[in-house]
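I've put the structures underneath this note.
Both complexes below contain subunit A, partnered by subunit B and then by subunit C.
Showing the complex of A and B:
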């Protein structure tokens, strides 16, 4: 067994263990931290594959962005001593069945797919190549996903503003000025 | 083993060959990991101690005092004595804290710091990892550090800690934008995110001078946002001692407190090192166009000395901020970022694109 294999099994093992812990922990912030470990281990596998760009994206977007947001919202809403209630047995059985079905489906798909090693040489991830890929609409271009994601972001921002905006009720303003 | 203070790549290569002759490739890799790991840990410990000493002396100078003078010559051994004291202190565990997260938090902060340090080029050939996305990697891993601060504040089960953590979270999340965007400005000029390429392309003139005004604006924004990222004064309201006792690390003692303390100082070093590498030419000597004799004299100073001279200069500037400006309020901090720095930054990127497209840069 080479060092690469050992590293892979280390990462894979930690992904599996912490994924399980994420869903079984009864303390919500611990779940979030286990999820962080899962995401960081995934980034580790990307680094092993020399896919540095995706690994760094994984770290910024998931570990540095989403997990921080999750932790931040937990910080605002829950207390250290809170524990999630244990779900009733019926619910546990049905969720276990659903999870098992999903796992079987995924594993079957992976085994059915014929993975073929890529023969094309690696593209250097310099600014020019990344920029070209983002705006080109050819086979390797990302113009469409880029635009779709920006529409999604715009929708999310509009939604956030609508939710956060207070009603312009003259009574409310009066109350606030009194406070 | 050849030793050349101007180029370390020969030395590291020879060391690798020396190990390979005597051991199996696997053993070589493990030994090299250990050597690199130990040298990074030693560097963090020693440079951290130096920075604490420097901070106390700089602070004293600004307040017309002498600072530590009694332990050793000019108090040089003061921080070492402090560190020994911290090592031997009792580790107090708050009774109602979440023990797992409470113990984990300092390590997350420390790990993020070490990860960010891995790509810094100290001198020619003295760089552990040279990713083609170097700058992006630094911003990615340093964004993980804030999780440690948030966890520390929440798991301590203390109101002051929680408020400190939330302030620090809001602040770091906002200022990360400015740090990355000011670096993007320079990426446009350099055309690469690889740190060794960025240093190499500053051989004739530093990016601070090459990019004219947009570079200068980006440098100033990077310094402001970098100071905020490290939770240092005037942006230190996450640990504002007059209102929150000590903020997110109120409940920590002994070596766990020292971890937060050390990580803060090493993060300051990382900000200074990034400013040096990206704006001030990294380990490249100072060159002025065609003044041959001057350039030649500058070439005699080894790159390692250049790097640390520039880094210490930037660190002095950051310390200067802390001891001159009063602490900002939380709303002022967010206003500064979202209403001033961010729009200026976006316009600045456009300006830099114009400069690069018209080939106006040197």
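Showing the complex of A and C:
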């Protein structure tokens, strides 16, 4: 067993433990921190696969952006020591059964399926290749999805600001709707 | 770096993570924890894309870019969802799904 194997099983174990803790912990803030550990371990797996750029994006956007946003909203909407309400035990048992059945079925299918790897020479996913592909419109270029995702981010930003904005003066709003 | 680890090991991890996320989505009663379960689900799908790219089609980068795009979609989804959650909290003083039946017909 090499060091790489040990690293992989370490990441896998921490992903599984912390994702279980994320969905079962009664304290909301703690489960947000457990989710952070899951996302960092996923970035570790990306590093092991030699996708350094993707791992960096995972760390900055997920671990640095989304988790901070979630923790802020937890602090805004609930007390730190507040315990989360969970479903009744009967519903928990039935969801666990359904989920276990789904997981077993999927894993059996994975082990039965014969994957056939491609034998073509590998492309290295360094920043140069990634950046070239993002702005290229030829074959294996991703200029269109890149533009679409930028429009989506702009729309989400505008939408989030409009949704979370406080309506200060009700008379002003009536005036605007009349116009 | 990953010569000894089979493809199936990665797929099993992402499957288990996906179904743990679904379990959380079914049993949680708080909007923010449900959002966190959705993040788990999206993350497990990302692992699948990346691993298929690395093991089965190493001559292209399609899975790599697809997971980059999924990360961007997850970020915008979290931003909009949290804006909606804060708006709901402002109106109902609670974000438990049990209390949110005002729009039921």
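Throughout what follows, the second predicted complex is superposed on the first by the 127 of 179 C-alpha atoms of A that agree within 3 Å, B and C clash if a C-alpha of one lies under 4 Å from a C-alpha of the other, contacts with A are read in each partner's own complex, and residues count from 1 in each chain.
The rule is short, and it goes like this: a residue touches a chain if its C-beta (ideal position, glycine included) is under 8 Å from a C-beta of that chain, and two chains touch if they have at least 3 such contacts.
Keep in mind that this is a model prediction, so the values were computed, not measured.
In the superposed model, A:127 lies in contact with subunit B only, and not with subunit C. Of the two partner chains placed by the overlay, only subunit B lies in contact with A:36; subunit C stays clear of it. Contact with subunit B, but none with subunit C, is seen for A:27 once the two complexes are overlaid on the shared chain. Once the two structures are overlaid, the count of subunit A residues touched is higher for C than for its counterpart among subunit B and subunit C. With both structures placed on the common chain, the touch criterion links A:2 to subunit B and to subunit C.
In the superposed model, A:73 makes contact with subunit C only, not with subunit B.
Across the two superposed structures, the residue set of subunit A contacted by subunit B and also by subunit C is 2, 57, 65, 72, 74, 76, 125. Residues of subunit B that touch subunit A in their complex: 26, 29-30, 96-98, 100-101, 104, 131-133, 136-137, 139-141, 143-144, 146-147, 150-151, 153-155, 157, 162, 165-166, 169, 173, 176, 187-188, 190-194. Only residues 2-3, 27, 29-30, 33, 36, 40, 52-53, 56-57, 59-60, 63-65, 67-68, 71-72, 74-76, 80-81, 124-128 of subunit A touch subunit B when the two sit together in their complex. Across the interface of their complex, subunit C is touched by residues 2, 4-5, 8, 12, 15-16, 19-20, 22-24, 28, 31-32, 35, 38-39, 42, 45-46, 48-51, 54, 57-58, 61-62, 65-66, 69-70, 72-74, 76-78, 84-87, 91-92, 95-96, 98-100, 102-103, 106-107, 110-111, 115-118, 120-123, 125, 129-130, 133-134, 140, 142, 145, 149, 152-153, 155-157, 159-161, 163-164, 166 of subunit A. Residue ranges on subunit C touching subunit A, taken from their complex, read 1-5, 7-13, 15-17, 19-24, 26-30, 32-33, 35-37, 39-40, 43, 46-47, 50-51, 54-62, 64-65, 67-69, 71-80, 82-87, 89-90, 95-96, 98.
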